[in-house]
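Every chain is named by a letter (A, B, C and D) in the order it is written, and numbering of its residues begins at 1.
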Amino acid sequence: MTNFNRHELLIATMARLLIGTRHIAVGVSSPIPASAALLTRHQSNGATRVSILGDPSNTFWSDGGKELFDCAAQGRIDAFFFSGGQIDGAGNINLVGIGDYPRSTVRFGGSYGSAFLYYMIPRIILFRPDHDPRVLVPKVDFISAAGTSPPGVWRRGGPYALVTGKAVFHFDSNEGRFTLQSVHPGETLPDIQATTGFAFDVAPDLSETESPDATTLSLIRGSVGREIAATYPKFARESLGIAA
Amino acid sequence: MTTWTTVDEVASMIPDGSALALIRDGCGVAMSATRALIRRGVRDLRLVNVPTGGIQTDLLIGAGCVAELETSGVSLGEYGPAGRFAQAVTSGTLTLKEATCPAIHAGLQAAEKGAPFLPLRGVLGSDILRFRPDWRVINNPLNDAAEDPVVVIPAITPDIALFHCAMADDAGNVWVGRERDLITMAHAARQTLVTVERRYPGNLFDDAALAAGTLSSFYVTAVAPAAEGCKPLGFTGHYGEDEDALRAYAKASRRDAEFATYLAAYATAPAAV
Amino acid sequence: MTTWTTVDEVASMIPDGSALALIRDGCGVAMSATRALIRRGVRDLRLVNVPTGGIQTDLLIGAGCVAELETSGVSLGEYGPAGRFAQAVTSGTLTLKEATCPAIHAGLQAAEKGAPFLPLRGVLGSDILRFRPDWRVINNPLNDAAEDPVVVIPAITPDIALFHCAMADDAGNVWVGRERDLITMAHAARQTLVTVERRYPGNLFDDAALAAGTLSSFYVTAVAPAAEGCKPLGFTGHYGEDEDALRAYAKASRRDAEFATYLAAYATAPAAV
Amino acid sequence: MTNFNRHELLIATMARLLIGTRHIAVGVSSPIPASAALLTRHQSNGATRVSILGDPSNTFWSDGGKELFDCAAQGRIDAFFFSGGQIDGAGNINLVGIGDYPRSTVRFGGSYGSAFLYYMIPRIILFRPDHDPRVLVPKVDFISAAGTSPPGVWRRGGPYALVTGKAVFHFDSNEGRFTLQSVHPGETLPDIQATTGFAFDVAPDLSETESPDATTLSLIRGSVGREIAATYPKFARESLGIAA
């Protein structure tokens, strides 16, 4: 068995969730999602297009910042990533703050494009490397973007999976619930249960998260690493062993 | 119609209480002009982030220049949270109009088009709606058959748009390049003030390639030269950010006392970043 | 994602019955591709003029290629009325969706933004409204106090946008320059087909000036070289119109027999204007 | 008294209607309105801005054809010109066709931007060199753009004046009627009445249309003529005596 670090596992895991997408967009300050998108591009032999915000060599925008949102609205973006100051079991995300809004006790940055993109992009992957019950809560204090919508509300997109440092959950938009699909090597179901603040289902075929094979690892440490180093040199150096 | 002037004059053209539209980081944040605004002691600004804010917004808030902020998010990016923004919000000293990026684009485009509003898909179910009584939900008027709620976003008409660009020509035409949001801002705003890295000799419209990325002087009230006018932020295609300065700012922004020190050094030293 | 191909191949990529968006005169009318379309005998096109039409629309109508036309106006400019258009309208052989320029822009921008509609001021009191049951009048939802009717224009999502540009690069990025309506068309349409004067060596996005006027290959299905691809129309900044050819066309367009002669000469002579 | 031709009279007359405007836009195929706008610019010492569609040296658009309409909607255009296949006494214009729409017996080009710009631009000057009862009709067959709007309809613009080859009418948007203000030299009120298909009021101070003075004529035949020759060389040569 090949050795790999946690970042490499997360990159390979998220890339599996991106198979078959035509166009993945990645927001700023997202080295692991960006690496997963680039890995998907390599694994698809270039069939998957990747747009990385803030990386001029991997973006085609020429109509201002609004183009990302318009592009998503046109149905031309298949996958995107969101984090969340809080994420609840119904797939709601909170990027605004902790406490009783508007008198939040802790303030995050804001909802950014989530209240739109969450409805427009089919495969939204929620990504939090820290698997923490203060993040994965029963109910978010502020809904930046709702996990599901009632019938009659036009919606094309939404949460598709939640990837943390411990596990992978799939999201069922009909049920409005997460299902634990796999636990990362070294993690256990009881530990996941103890550190997840919301209720979730467990897949009958719950497994260990698949380890990246040698081919995948060499891609991550090779082409993907060199590409990601252009935007995230520190990450490429420290996590993927790419010389500056 | 455009006046060539100085950064301090530009700052003096922004009255207290103005609704001021500001562009997001990397796309031409007029930091030199922002420092001049703080030096002149502007008050009660109503900021509109297009669509997000960073050090510029945080600094103006910390310096006591801001009464109201419409934003989709404020952060210092990889340098961490925007401390003055967070402090002002949690202490309730700032009137916040919580938004989401495409809603701000839609509001400006509504103003650009002289439309009272623009509809926006998504958003339904977000708590943002609960705190934006000015946003409404209507049934899609084209859908007779079914319930089909859609959010409508009112036009955003800033008093002034303020941003930084690579260059402007003698006539005051401004080259914005790919940053088309700046054009939307200028169309939507009553007045537009611009700082630039350099003066372009001749007329930008005489070069077909440059003309494609040019905002006419028709929309521009005044232009001022400001070399490295985005620093300590970077300016895409021109210079990177000053990492040390941004790290220092991020740290100072977290505590009242440290910020006061930063601001004092800053306000009394016009050339400082 | 873009394929480099030939004008005839471009024409073959436009199925019968397509909703086809076409740009107004002077801004990149793909006349070479239009002639190829006629040669291949396309039928039942639903044209969307952006926002007006000229010889291209008239010729397609006269050649029997058009089932429906949405337009704000069709004319041959200083060469006079568009004869085939007028003939088809007065004889009732064309389904006409009467519009006004900014409504077509609004419809395309709605599609670009994924919005079901865009509101448009004005128009109220125009008979256009009476004949556009797909356009609706609502009360401004932001105006609680008073009657304030406003027209809403449904999104226009063409199957295909077809136009001509100065150049495209190897990857299929297309330089549209100032003709930003072409970008709106490409964003709104499901597919975009482009003919160009010439191939640009390298990548248009590598040049900051050119990048500002570039439509990404992401939106472009196919590109074909077509030198003087707008002739007999002019192409702003490139070449003027062929006045004799346009005058001859205008004359031919006025009578069935003369037009048939023109079309026969035209359809059997691929290189003719 | 200086000699002048009918075109020069129309240019000078329309320029008087444009005094005080900050920005005049002129459509295509409009040499006389464009000349009037350029004359206004000279008379204002450049304070009035002029945009001439189709003349790259006199336009600043860089946002596509939609920019004209957006610009008008922003309140940044003060004056514009329309013709009309038919114009009626209520200020309605018909650019669509004669007869019972959609079965028109004569088809014009179409409404173009009139159904929007007529509501957005304060000083719309209707201009028809031929003063003909088939054009100046009691009621247009198709309203491309309505002369007035009922209370409650948002409206910033509309018809301001009608200039023909015979006379100048002002439009009263409250009354929804034209008032004959002046008749051109050589024309008579009875002739105007006989050739105007709609009812109109006659100004108590009805006068002869003011002849252009020598300064104005030298501007028209000098700077204005040279400028308009760039877009309309034939017009400049034949009507204003500008050598090609």
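Just so it is clear, contacts are C-beta pairs under 8 Å (C-beta built on N, C-alpha and C of every residue); 3 or more make two chains touch, one makes a residue touch a chain.
Fair warning: this is a prediction, and the values are worked out from it, not measured in the lab.
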Considering A-B alongside A-C, which chain pair is linked by more C-beta pairs in contact? A-B
Taking each chain's centre as the mean of its CA atoms, subunit B sits from subunit D at a distance in Å of 40
Whole-Å distance, C-alpha centre of subunit A to that of subunit B, is 29
Distance between chain centroids, defined by C-alpha means - subunit B, subunit C (Å): 36
Set of subunit C residues in contact with two or more other chains: 102, 109, 113-116, 120-121, 148, 150, 178, 183, 211-213, 237
By residue number and range, which residues of subunit A touch two or more other chains? 56, 61-63, 69, 73, 120, 154
How would one label the connectivity among the chains shown: line, ring, star, complete, or other? other
Between which chains is there touch? A-B, A-C, B-C, B-D, C-D
Sites on subunit B touched by subunit C in the complex: 102, 106, 109, 113-121, 134, 136, 138, 140-143, 148, 150, 152, 154, 176-178, 207-213, 237
Flag every residue of subunit A that touches subunit B in the complex, lowest number first. 28-29, 54, 56, 61-67, 69, 73, 95-97, 101-120, 142-146, 148-149, 152-155
In the complex, subunit C residues that touch subunit D: 24, 26-27, 50-52, 71-75, 77-78, 81-82, 85-86, 89-90, 92, 96, 98-103, 105, 109, 120-128, 131, 146-150, 178-184, 236-237
If we count contacts the way the header does, which residues on subunit D are in touch with subunit B in the complex? 23, 49, 56, 60-63, 69-76, 120, 154
Quick one: in the complex, what on subunit C touches subunit A? 1, 111-116, 173, 183, 187-188, 205, 211-218
